[in-house]
Every structure is written in C-alpha cells, then in structure tokens.
C-alpha cells in the first residue's frame, strides 16, 4: 500500500530523470542536423536528391486530384527523386502556411502551390525562397513578387469569354444571370470574374444580359448547393448560372436536376467530365468547359526542374522544355500558359475520363 | 384567459412565435418564399438538423452534451457512399440499417466513456469529435462519392413527395413523434428529466442512471446515423469533411427551442422548431435579399435570447414555488 | 473533491515536493522528453527553424490558453474566444482599409476585445446565465458580427514593418520576438493564479461557489474580470494572427476554441473546476503543438494529428478517472478487510 502512495513520487522522479538523461544525451550529440537541414535546399542540390512538393488549394477536390496526378507523372519524368503532396482539408488561407513552413524546414527544392489567398502565403514563401527553394505557382496565382513562375492552365481571358459565350447561347442572348464562385479570395476565380464582368459590360452582343448576383460556395459541396438554392429564391427570374468551379457546377447541377428549374435555368461553367456526365445526359447542362487538368501539374513539375537547373529564371521570354508537352515560353509577368480550353457537351463527353 | 396565459408559458412558445413571425415577414416581402419549391426546400433543409436536434435533446435533458454528432454524421454518410459503391445491388433498406447501426456503435462508445468513466460529456465528446473526424479522414482520404454513384431511387427519397411533403421529411416527422412520445409518455423517458434535474436524487430514487445515460448516447448515435443516411440522399458529395462543424448548429437549435443546457427541461418538439427556425433564417435572409452575412449574428442573438428567456422563466417558477410553498404552510 | 485533499494530506507532501510531482510538472517532464526524443528521431527537427515555426503556430493558442485556464478553474467555460479573435481581425481589416492610423486601429481592436469579454461577463455574472450556453451564443454572435463587418473580403496590405515584426525572430535562436510578449503574459497569469489571494480565491470558487461566497470572495466580480481578461487576450491573439498572416478575414482563427480547451485539459486543468495550473496548461499547449509539428514535418497527414489530439484529450481525463477508481477499489477492499477482520487490522488509517 505504501507503493500506491509513493507511486506518484516514483512516476514523477522517473519521468524527471528520463527527461534529464535524454536532455543530456541530446546536448552532447552535436546539433549537426541543424545546419545541413537549413542549407539543404540550395539550388546546387545534386540531381539525384531533388524533391518537389505540391500544395494544392485543398485536398478533397476531384479536380485537384487530376492535376496532382499529372504533377506526379511530370515529377517522375523530370527526374525528381521525391515528389510529395501536402495540403489542408479545407480551402483556407492560413493553413497553407504551416505546410509551406514544414517544406522549408524539410529542405524541399521546389514548392508548387495553388494559393487560397495570394497575399497570406507570401511571407512563408519568401522564407522558403531564402532557404533556397524555387516557387512555382499553379492553378491559382500568388502575389507575383513571392513566386518565380506562374503556370496557368489557359489564358484567363479566354476561359472567361468562353463561359459568357456559352451562357449567352443557352439563354438566347438576354436575361438575368448569376455567378456561383468558389472562395471570395481565390486569385483565379476573381480574375475570371473580372473578365466576365468586363465582357458583359463592353461587348454589345451581351447588352441584354444582366449579371444580378455573385455568390460564393467556398468549394464546399453543401455550401454551394445551398447557395444555388438561395439564388433561385432571391432571383426567381434567373435564366442562367455560371459556375467557374468544378465543385460549384456539380452541386448546382444536382440541385437543378432535382428541382422544377431543370432545363429552364441554364447552367455552365468549368466542370469535370466524369462528374458532369450524368447531368449532360439528363439535360440539366448542355455544355460546359475545362481543359486537361493533368497537363497543368505536368508542366508545373517541368517548370520547377528548369528553375532548379538554372535553364531559366522565370522572366519574360525564357524558354523551357516541358517533357512530352514540348517547349514553353514564359509570357508577361512570369506566366506560362498550358493550352486552350475545351468545350464539353453530349457529343464528346464520353471520350474523356477525368 | 388563464388558458391563453398558460399557452404563453409553454417553453416552446417563444421559438414557435419567432418562426411564425419570420415566415410572415418574409412572405410579405417576397411572396415567392412560400412557393411550392421554396417550401419543399425549407423542409428538406430542416430535416437533417431536426433529426440531429431531436437526438441532442435526449442528451441535453440529462445534463450532458454530445459534440461528436458532426463527425458521426460524416462517418455514416461516407459509409453510405462506400456501401453503394462496393455493393452495387445492395437494397436501400440494408444501407439504412447498417449506417444507423454504425451511428449507434459510435454513440455507444461515447455513452460508455461518459457513464462509466464519470468524465464530463463535454470533454469526452470533444475528444471523440476529433477521433471520429480523424477516422473519417483516414478512411476517405481525398475520395468523395457523388450522387451519381448512388442509385436513383435513393436520391429520389429527397425528391419524391407525399402530399407535398418530401419523403425524408416524413421520416423525420415519424422519428420526432416517436422520440417525443418516449420522452413525455414513458417511464424511462421521464427518468431522463429526473437525471437532468438532480442526478444524485434520481439515483437515490431508484432511477438506473448509468443505464439511462448510456442508452441516451446510443439513441443519439442511432439518430445521427439516420441523419447521415438522409444527408447522403439529399446532398451531392460525401467525403472526409462531411458534417464538419454542424454540432454547434445542432446545440444552438436545441437551445433556441427551449432545451436548457443545464438539463432537466425542454422537449423534442421545441428543438425541432429551433432547427426549423435556424434553417428558415438562412432562406429568409436570402429571399429578402438581406445581406446573408447577418445570418450568423442573428443566430447568436436568438441563442442568447433563448437562454435569457429560460433564465427568466426558471426564476419565475422558483419564486412561484416558493410563494406557493409558503402559502401552503 | 475531498478525496483529492485527503490524498495529498495523507501523502504529507509540501512545498517543493508537491510542486515537482504535481500534474503540471509531470506534463513538463513529458514535454521535455518528447522534445528530446523527436530531436533524435525526426530529421531536421532540431533546428532554430523549428523553434520559429512551431512557436509562431502555437502563439495564438498559448495566449488564449492562459485566461482560459483561470476561467475553467472557476468551473466556467468560454467558447467564444476564437470568435472574439475573428471579430478583432475583421475590425482591424476594415479600419485599416478605411485609412485609419494603424496604432489607433490596434487600440480600437483591444477595446473590441474588452467589450466582448465584458458582454460575456455581464451575461454570466449579472444576469446569471450558464457560461456554456452564453458563450455558445456569443460564439455565433461575434463570428456573425465579423462577417457583417468585413463580409467576404480580405484585407492584406498591412504595414510591412508590423507584419515583419510579428514574424521576426530573436537573432540565431529562431525564437519569435513576439514570444517575449507571450512570456510576460504567462508570467502575469501564473503569478495572479498561484501567488495572489485573488488566484487562491479562484480555486475556491471552482470547488464550491457557495463556500467561496461565505468566505467573503466576491464571486461575481472576480468572474467578470476573468471574462474581460479572456476577451482582451483573445483580441491580442486576433491581432497577432492578422499580422502574422498579413490577412484579415472573417474566418480567421475559426475553430481555435476547441484546440485551446483540449490543450488546457490535457495540461491538467480539471473541467470540474478547482484544479490546474498555468505551467500545466502551457505544457499541454506545447505538447500538442510539438507533436503536431513533428508529424507535419514528416508529411504525415493531418488525419493522424486530429486523432492524436482527440486520443490525448480523452486519455488525459479518463486516465485520472481510472486511477481514482483503482484507488477507491483498493481502499474499499482494505476497509472491508479491516472491518471483517478487526484482530488483524493495523490501526493507522493512512497506511
């Protein structure tokens, strides 16, 4: 019984001695890992050791999964020894920062990032750069001053114009439309929306189309669904919805296809063929656009390699080879375009599998 | 006149009044609010919250709380997706049963830890909130199952209506009735109120406290499982983050509906009305084109008002009891 | 409650011995052991970078954990801390974008925190509502106000000097400069709780509100001050968050309250009130922070982090419960044996 009473004392004493012993052991071991850890990310890293990490906007996103698949293939083809994917489970600006920091500490050579907020990730990215890492932004740009290069899937303006064109065709050139976007700060979304608004205002072909609302579904399926619902309630005369995000268009399609608005309210935007196939076949959606997301990841990986090798620095006019995709030239502001967008409708949707 | 006063004293009166007032105001601003599609959407949106609030009421009445319902819903909803994908021909009723039982098991773990280890439910369910969410993430990873992966008939549960009421809402109403009758009419149901008012006294009186608390958590788990199945029917995707954060909405719905956090009072009907009120606010604000950003703030004010009303009414009851005791002596 | 006291009285510990074997101290030994273990096992962990990144991540939780410890010791709880931080962030963003002087903005933000805490305090002490219910309400209300104030926007162009200062480190040690402020806070709260009569009064309130009132402690006023302090520190955490990420958004610090409570409970503060220590709470925050950081460094998914936090939390409360139960069983068995065999029993009750 005395043991019970002394148990706490013994436990505490053991814990203390263990801690002290380990501490002493730790102190005598030279902190050798430290300098090499912080210096490992120098660009003179031997080719055999190179690592690349992809940080998408969020992890549970089918579109992102396709991009990352292409990125993995590209990283392998470009000769990276290790390729990783890390990221938050929800598209949040501040959570990406912890992942960037971990990569800086681990000494990754190339960080490929799609930013949830162009500015919030900047300080962390700059610290990574001081540690020697190369930063490639893809899908959603960061502030240009904290990345070396931005790989964009398509020319932003083209994407915006295509969607406006499609919706105009489907609503007969006049009526009210709304935009259901992702998160309010996503760079790519805001760029596209800006072009769309400008096009609607300036192009005389669209003078009878009125943009009445912009709502944000945060790339969350349930929230996008509810926002779509809200749109129809607030604007009963709505004739078309543009959703330039794969999560948003899928959620809206689901809502429309089970409601009385099916076929009466046009829906277009950027969607994944596999997700949208059912809705194209049942008539909820007539046509939508996208590109091949895998190409985006693929080119980004090769861009990272070129930056590491020193074959380019990311300024306008630089060229690099993107494996099977051929030679690419860097455009203004450090932007590389992957290719033109594709339109999907019931005639060609079965040809694609992503 | 006394009859009128006694209606006003119902715990559920404030929330019922608020709901009716809200609907009337919104309708006058935007008549489309009560169009068929709008009403159907209202009912569908409220269904899941109502079921969760009913289960939470059972727990709150015994002076406990269950914060893990969001994670339980996520797990059961995801399991529905997996079942349909892995066993393509599986009968829908089997999916219902398996998912509900899964919820029950998760609830049983909570119940065991709370009733046997005598640790406050707040802490236990906070821990299981994390653990179940982690399991959901580990199981699902980045994978999501979409409506297209589930049979048409399953998705139609949220579309077909009988007498204008969607099927899943009818399921919720039946559940609500069962739980309400249990709480108000059966011996074990009334025991829960005793436990919530003073668990030591209840134990002395002979109420099997441990058994009741355990079964309450199991029941809440079963209901959360059911909510998960209906969620999978109604919404497009189920994955790792399904149901994240819904627990506070559920507790808010119950509190607004007159169920006190300190236990011992409240009814399932009140909690259901609270859930309906909260979902209606979102739709109302959108329909009235009021900046939807006000929604959360409004919910906060409602919760605080409900708590104040509860306090005021309990003070009144105490004073009335004291006075009547004095008089009877 | 009385079992705890009798155990300590029976064990006869005092002074240094009691401090060194307390739950808080044990937590610290474990933190040190884990730190050393991870430095040896995880490559790249033992570096000034770790100190910097880890502490920057942990600072908001650490700051809020301090007043939260005091609040939980008085058997109350405050779930609205993260929403206060978010509201502060939103106000900061809007005022700065509106062109106000940055220092005036910071002052106003601190006042916002004070008012938020005071609101909680009044509802809980003057009106007499249960703190769990009230703070669930203010959790929604303050977050809602943040949304109303800043909407879907994000303000990002805070003054460079301030944002760099928020993330700057002390020389080569890698420790953030902001830690100095945090250390001062820790010192203040530790001294108040453990070395002042006010602090001892808090423990008394946690044990028994009525007894504390009988002894003359002004329970209402003390709790009011605590909630005001919580609001103030939450707004400081909100300011730090905004400057660190250079981004003011309505969803900043969302969900932080659960992390704070989990860490504080892990650090030995009892949810029933009346027990706990500031060093213990700090150790709890560090423990979770260190393990999370090491796992992230190894690119282990967030999934595992979440499960670890939950398991630690449950283990930390169920564990003592089990120990208590085992002790009770042994005690009961001994008493039973002594009663049925009076001839054999030893007379000392504390054996």
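Just so it is clear, A, B and C label the chains in written order, and each chain counts residues from 1 on its own.
Here is the rule we use: contacts are C-beta pairs under 8 Å (C-beta built on N, C-alpha and C of every residue); 3 or more make two chains touch, one makes a residue touch a chain.
As the structure is a computational prediction, the values presented were derived from the model and not from experiment.
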Among all other chains, pick the one whose mean CA position is farthest from the mean CA position of subunit C. A
Between B-C and A-B, the pair with more C-beta contacts: B-C
Geometric centre distance via CA averages, subunit B-subunit A, whole Å: 35
Mind checking the centre-to-centre distance between subunit B and subunit C? Centres are C-alpha means, answer in whole Å. 30
Residues touching two or more other chains, restricted to subunit A: which are they? 89
Give me the residues of subunit B that touch two or more other chains. 137
Multi-chain contacts only, two chains or more: what residues does subunit C have there? 152, 302
Sort out for me which residues of subunit A touch subunit B in the complex. 59-62, 64-65, 89-90, 220-222, 225-226, 229-230, 232-234, 236, 247, 250-251, 254, 258-261, 275, 277-278
Would you tell me which residues of subunit B are touching subunit C in their complex? 65, 113, 117-120, 122-124, 126-135, 137-138, 245, 248, 251-252, 255, 260-262, 291, 293-301, 303-304, 307-308, 311
Within the complex, subunit A is touched by subunit B residues 30, 32-33, 35-38, 41, 45, 137, 140-144, 146-148, 155, 158-159, 235-237, 239-242, 244, 282-283, 286-287, 289, 292
What does subunit C use to touch subunit A in their complex? 10-11, 13, 17, 20-21, 25-26, 29-30, 32-33, 36-37, 39-40, 43-50, 53, 56-57, 152-154, 156-157, 163-164, 167, 241, 244-247, 249, 251-252, 293, 296-297, 299, 302, 327, 330, 334, 351
Note: in the complex, subunit A contacts subunit C through residues 1-2, 4-5, 8-9, 11-13, 15-16, 18-19, 22-23, 25-26, 29, 31, 33-34, 37-38, 84, 86, 88-89, 92-94, 97-99, 101-102, 104-107, 117-120, 122-123, 184-185, 216
